[in-house]
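The two complexes that follow have subunit A in common; it is paired with subunit B in the first and with subunit C in the second.
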Partner chain A sequence: MNLLLIAMIAAMLIPMYQALKDDDIWQKMLALGSISSKAGIMTLFISVLRDDWMIGAVGAIILTVGNAGLMLLAHIIKRMDDL
Partner chain B sequence: MNDDSYIYILTALLPLAACMVVVQVNPYHALVIRGILGAIAALVYSVFGAADVALTEALMGTMLAITLYAVAVRSSLVMRLGVLEEEKVESDGDVLKVELTVESPRDFNSLMKDFRRIFNKYYLRIEVVPFTTPQALHRALMEKEIHASCVPVLDSDAAGEAETKHYQTVTRIQRLYDIMQPEISSINTSLDYKFASGSGEDSQ
Partner chain C sequence: MIDVLSYLFFGVGIFFWFWGTSHLVGKRSVLFKLHSLSVADTLGSILIVIGLLIKIPSRWPLLTLAIISLAIWNTMLGYVLAHCSSDEAENQKEFPTETL
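Presenting the complex of A and B:
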């Protein structure tokens, strides 16, 4: 289980590197969506591992808020391109 | 679980993401990376057992702060450029059509492209504000409604070639003048700095 978590952390480094390297704002938005989803899934995984419902609830909220924030930010940036 | 070595690796992600935010130059890119930092911070807080802190970080720190900052950056990093519009009255049968068009759109568009190229280095957006008369344009510049004005100049030398038109740009902000001055030879406009007197203060 420990190795599985470390593999998940390593997978999280890929979009972080992509966000640092790529200059396109939409590529960065993709990396943000990917990382926030990965963080939510990892929190859920750890909550099942420790049998802790409190962490599981936080994981669900990270998943929801990540998506909502991504949508709001994408709308504002899209309006900036239009003008 | 007795082996908690993954917690150390997870915690190391937090300063890594923070360094990524710090090295960003473009304000919009920094905002997106701040979202990444927020997601990782919420993950680390919840793994350490601070569910309330993680919840606050996810809701306030990530979603609300990012959205509000994006609105603030978008509305402050803008240069308002006043231009003249030509009022064209066309009689189409009984109907009188009044059309507002920017003079000679091709020259104007290439000038706008040059302006965008210059100001993109400073992440400034250009907002074109149309005016109908030169007096209204001048008054708007003096009353600090716009940051710069751009008007075409009638050039007597270029009578033969009507396609190329010369423009005159007047700005009331020293910093904008300093940005445009080194590039002025490559674009089709002359540049002027005019000090606007008045009590209102908005500096870029």
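Presenting the complex of A and C:
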């Protein structure tokens, strides 16, 4: 299971590199959206490893509110573009 | 048998993750990346959570909640990002530029 976790961390580093490298705001938003859902899933995965279900609840909250926050940010960026 | 099945789900899920992010690094348009990324992320993550569900069935309420919120919110995020990143005039209905 630890090997799987290391593979997940590696899978999360790629969008981080992409978010760092790219200048276009929408490519950066794509990378950040990908990072947020991966982080939520990793939190759930770790809560299974540790059998601590408060962390599991945090993972479920990250999946829901994290994506909702990104949606609001996307709309704000769109309005800023319109100005 | 249960362990083998859950590891199979984990493996396929992580493969989808890597496949989705490999498209992210290329030089393609936002919408192309968005499609492959949201498909890979959502599907891969759901497979991983199903793998967790098989491994620990006693916690099915929380894991089912994670699957549902993933399926809804990740897809919705894809729509919103596609809508907001597109510049065509037909998307400017909510806020006509002269009112801003």
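The working rule: the second predicted complex is superposed on the first by the 83 of 83 C-alpha atoms of A that agree within 3 Å, B and C clash if a C-alpha of one lies under 4 Å from a C-alpha of the other, contacts with A are read in each partner's own complex, and residues count from 1 in each chain.
The rule we apply is simple: a contact is a pair of C-beta atoms (placed from the backbone, for glycine too) under 8 Å apart; a residue touches a chain by one contact, two chains touch by 3 or more.
Values in this document were obtained by computation on a predicted structure and should not be read as measured data.
Asks: Please determine, from the superposition on subunit A, whether subunit B and subunit C clash or fit.
Replies: After superposition on subunit A, subunit B vs subunit C: fit, no clash.
Asks: For A:Ala68, select first, second, both or neither according to whether it touches subunit B, subunit C, the two together, or no partner.
Replies: So A:Ala68 meets both subunit B and subunit C here.
Asks: By the touch definition at the top of the document, which applies to A:Ala31: first (subunit B), second (subunit C), both, or neither?
Replies: both
Asks: Looking at the overlay, does A:Ala39 come into contact with subunit B only (first), subunit C only (second), both, or neither?
Replies: first
Asks: If we overlay the two complexes on their shared chain A, which of subunit B and subunit C does A:Gly59 touch? Say first, second, both or neither.
Replies: Touch status of A:Gly59: both partners.
Asks: Pick one for A:Ile77: touches subunit B only (first), subunit C only (second), both, or neither.
Replies: both
Asks: Looking at A:Val48 after the superposition, I want to know if it touches subunit B, subunit C, both of them or none. Which is it: first, second, both, neither?
Replies: second
Asks: Let me test your reading of the model: by the given contact rule, A:Ile6 touches which partner, first (subunit B), second (subunit C), both or neither?
Replies: Touch status of A:Ile6: first partner only.
Asks: For the superposed model, what is the least distance in angstrom between any CA atom of subunit B and any CA atom of subunit C?
Replies: Nearest C-alpha atoms of the two chains are 9 Å apart.
Asks: Return the residues of subunit A at which the contacts from subunit B and from subunit C coincide.
Replies: Touching subunit B and subunit C on subunit A: residues 29, 31, 57, 59, 68, 70, 77, 79, 83.
Asks: Which part of subunit B faces subunit A closely enough to touch in the complex?
Replies: Going through subunit B, the ones touching subunit A are 1, 3, 5-6, 9-10, 13, 16-17, 20, 28-29, 31-33, 35-36, 39-40, 42-43, 46-47, 49, 51, 54-55, 58-59, 62-63, 66-67, 70-71, 74, 125, 127.
Asks: Over in the complex, which subunit A residues touch subunit C? Could you list them?
Replies: Spelled out, the residues of subunit A in touch with subunit C are 4, 7-8, 11, 14-15, 17-18, 24, 26-27, 29-31, 33-34, 37-38, 40-41, 44-45, 48, 53, 56-57, 59-60, 63-64, 67-68, 70-71, 74-75, 77-79, 82-83.
Asks: Please output the residues of subunit C touching subunit A within their complex, sorted ascending.
Replies: 7, 10, 14, 17-18, 20-22, 24-25, 30, 33-34, 37, 41-42, 45, 48-49, 52, 55-56, 59, 62-63, 65-66, 69-70, 73-74, 76-77, 80-81, 83-85, 92, 95, 97, 100
Asks: What residues of subunit A sit close enough to touch subunit B in their complex?
Replies: Touch residues, subunit A against subunit B: 1-2, 5-6, 9, 12-13, 16, 19-20, 23, 25, 28-29, 31-32, 35-36, 39, 42-43, 46, 49-50, 54-55, 57-59, 61-62, 65-66, 68-70, 72-73, 76-77, 79-80, 83.
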